[in-house]
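What follows is a single structure, written as structure tokens, with notes after it.
We just call them A, B and C in the order they show up, numbering each chain from 1.
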Amino acid sequence: MKITTGEIATIVEGTVEGDPDVMIHGPSPIDEGKPGTVSFLSNPKYEQFLYSTNASAVLVHEDFSPLMKINPSLIRVKDVGLSIAKLFEHFSTRKVPSHHISDDAFIHEDAIISPNISVGMFSVISKGAEIGAGSVIHSHVFLGENVKIGKNVTLFPGVKIYNDCEIGDNCVFHSNVVIGSDGFGFSKDSSGNYEKIPHLGKVIIESDVEIGSNSTVDRGTIGDTIIRKGVKLDNLVQIAHNAEIGENTVMAAQSGVAGSSKVGKNCVIGGQVGIIGHLKIADGTMIQGQSGVTRNVRKENSKLYGTPAISYQSYLKSYAHFRTLPDIAKELATLRKEIERLKLINNPQNPEKK
Amino acid sequence: MKITTGEIATIVEGTVEGDPDVMIHGPSPIDEGKPGTVSFLSNPKYEQFLYSTNASAVLVHEDFSPLMKINPSLIRVKDVGLSIAKLFEHFSTRKVPSHHISDDAFIHEDAIISPNISVGMFSVISKGAEIGAGSVIHSHVFLGENVKIGKNVTLFPGVKIYNDCEIGDNCVFHSNVVIGSDGFGFSKDSSGNYEKIPHLGKVIIESDVEIGSNSTVDRGTIGDTIIRKGVKLDNLVQIAHNAEIGENTVMAAQSGVAGSSKVGKNCVIGGQVGIIGHLKIADGTMIQGQSGVTRNVRKENSKLYGTPAISYQSYLKSYAHFRTLPDIAKELATLRKEIERLKLINNPQNPEKK
Amino acid sequence: MKITTGEIATIVEGTVEGDPDVMIHGPSPIDEGKPGTVSFLSNPKYEQFLYSTNASAVLVHEDFSPLMKINPSLIRVKDVGLSIAKLFEHFSTRKVPSHHISDDAFIHEDAIISPNISVGMFSVISKGAEIGAGSVIHSHVFLGENVKIGKNVTLFPGVKIYNDCEIGDNCVFHSNVVIGSDGFGFSKDSSGNYEKIPHLGKVIIESDVEIGSNSTVDRGTIGDTIIRKGVKLDNLVQIAHNAEIGENTVMAAQSGVAGSSKVGKNCVIGGQVGIIGHLKIADGTMIQGQSGVTRNVRKENSKLYGTPAISYQSYLKSYAHFRTLPDIAKELATLRKEIERLKLINNPQNPEKK
């Protein structure tokens, strides 16, 4: 798995400044850099570590100028983040399972299985399910009837997908993700009991979507719940019935979108954010962690914070004053006293006056 | 699966206004209504779509008067919500699995299995477990020793129920729900290490309870955790040890109740709400999403918001002023200056005075 | 399973005040105490129930003095909490499965299995995985390649552990916990699409760690995610890539720590708390439920509240004034009017003046 700095430069389409023949056996963080490893400088806050790191090579932006002499070779690249992704891919030791269908999996005779797929132990592929070429279904996975899985999809152990849901190419779902469970829809009858509303829709997940462990996506009531191309959901995220998440939107852990809300493209949604139902959130909206969005967001690229969420800047300004509310209350009481005194002075009946 | 508008009226106990012989093959949302489908108008905000929808029939409240001429047939009903539930049930294509016990399931010889049940592949039914008539246990389900499952219960793939827990009739638990795991109870010893408190209680879930994907209900320490009849929990909800959730209470996704709290009947608890331990929450309490309840709620039908939660109206009023805190602070500073000026004017030593 | 009060005193290293020969068959809560059971008084709020309980014996602190005559025998102990833990252990009926490796489990021929372990049905132990003596792997568990499990570990049904992760002795993971899924790391390319960053690190969990149902711990990008000795995580908790949780820290349900944050020892983190990425949280920090921590916490034993989190006392004080903001705004408007009136009086051009 060893590789030279020069070969790394080729992989990341960069240029070496220093010895191109240093042998590198893996990556390391710049603040814990070890000889024989390649590190990287993407966050400027970490620049201090560049001058003391023991890493043998460091990926930097092509325009970077060091402030003093440094020991490691530099590999200059256009985009440090993307170069890390490529380089880590190179060093990744995750075995792609050789294509193998376990004898201990159950595959219905009417399922449609492409060549070159893997199915792990104790997985269940139901009647009418389809799996595209190159997909890897790990152990303990359940695919309901007529589920469609695209090409090169990876489903980690314990993923459960209910009947009729459709998953695009290159998706990755981590362990115990649930897709297509019934939405939270009930109708109250006259005696106050709830009657279940059957969910006739399904979930459609487009290509290049990654979903973190134990996240849940409910099926639509009528019409479908839709996750567009390139969406990334972190762990323990909840997407309710009939919601739609726009292309390349990312949602951090433990955030949730309630029923029928439509989130735009390229949004960045922080951890533990909640978005209530039936809203439209414009493209490029950024929502700070733990915010609660209760209104439509019409302006693109808005930045929000708070519960209920207002503009990020407004929330921070108001919160700064919130912290001084005891002082504000005290000053108000002082002003009250001083005004009473002034009123007394200015009162013609006041004996002090005259 | 086709049906006439007249037959629909019979199912929902309504009356047709228009042609009772139109063929309908499924439902559609009113804003995306298609010919040959039945739509519905339950939320008045959507009335505008009634006048342009292409749906062939629309369910409306029996007292509804359209503002202008409309194309679809109307089916007038007492309760649109309940009628939807009934109608969707009719159109639902979810196959009820024919009663079948998989050869690939493990059923202990001392488990008690009623007639007409299903057990899916790779499920485990432990010693002493009981399953009531008509229940459907999907794949990858685990039932611990002496677990009791009522009649007509549905456990979706991956549900895990620890030993001794009791589940009532007609319950539905979605994938990867966990019932009966140990509560979060530890005792700190003199060296600062935590010693586990064994959990001797169990979970009792009464009838007609639905629990969403990946939700968790912990067993009691001593005494039991209890979920009463008709409760509905959304996805990723947490119920801690010895909590009790009252009849027909609903809890939205990612909400949680801490240890030993007793939530009343008919409460409506929003998404991401947290209720701390050892509280009593009165019947009919409504808690806005993301609120944090830290005190007993004694008055029935209270409406709460905020962290810590106060009355809904109070929170919204205070929050409106929170948004203007920078203005409040500025006005306070201005008043201070004006008062200083007035004090100067009113000071007998002030040369300006005289 | 019956035992006398005298034998209980021996187990908990306490002294009986009253009859040492009363037969006890189990514990009960003091407010629902029944004859033939032992109860306990650890929270002083519950002292009232001591005087009316029907429990036959009650564990109390060795220095406790009752305010009036009581019926039950008292068992005086140094630490009521620890004594409960010991006593409950005695009464616990959870069967330790006799060591048995199910024929329906899959164990790779190159896995390393110690004596006296159990492996439940439909579990998968991959190539190179190791399991220490006395460990109990329940059903539907997945252990990836080269996973190392220490001694006396319990993995409840449905736990999934990805390749290369290391778990210390005496750990307990509840159902559907996921360890070692990929962190949430993506790099945006020039067309706005996210490219996945492979995760080369792993998860290291030290000994005596308990993790609640459906919680998730992601593997490191480079370097590892680390959970130190004695940590206790409740249900539905999220630990992101490269985070580190210090010794004996406890985190309540639905809380989360974002990427690369280092949480100190002996911290107490409330439910639904969020800690953003790249922070350091000092030892002994206490964080109130639902708080959002956005800055380093440098001072040990700090107590925090709010979003963004400030000191607990400050938050409560400010929040008390937040609740009166409508009054503050009204008073401010009144002062404004009174000042205008005073300015008028003090204006030399004012005809009222003179």
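Keep in mind that, in the parts below, contacts are C-beta pairs under 8 Å (C-beta built on N, C-alpha and C of every residue); 3 or more make two chains touch, one makes a residue touch a chain.
Not measured: the values here are computed from a predicted model.
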Contacting subunit B as well as subunit C are chains A
Given over half shared residue numbers means same and under half means different, the subunit A/subunit C interface is different
Subunit A and subunit C have mean C-alpha positions lying a whole-number Å distance apart equal to 24
For subunit B, residue numbers touching 2 or more other chains are 122, 140, 158, 176, 214, 236, 254, 272, 290, 307, 322, 324, 328, 332, 335, 339, 342, 346
Contacts from subunit B onto subunit C in the complex sit at residues 106, 122, 124, 140, 142, 145, 158, 160, 162-163, 176, 178, 181-182, 184, 186-190, 192-200, 214-216, 218, 221-223, 236, 238, 240, 254, 256, 258, 272, 274, 276, 290, 292, 307-308, 310, 314, 317-318, 321-322, 324, 328, 331-332, 335, 338-339, 342, 345-346
The answer for subunit B against subunit A in the complex is residues 26-29, 32, 79, 81-82, 84-85, 88-89, 91-95, 104, 120-122, 138-140, 156-158, 172, 174-176, 208, 210, 212-214, 230, 232, 234-236, 248, 250, 252-254, 266, 271-272, 289-290, 307, 319, 322-326, 328-329, 332, 335-336, 339, 342-343, 346
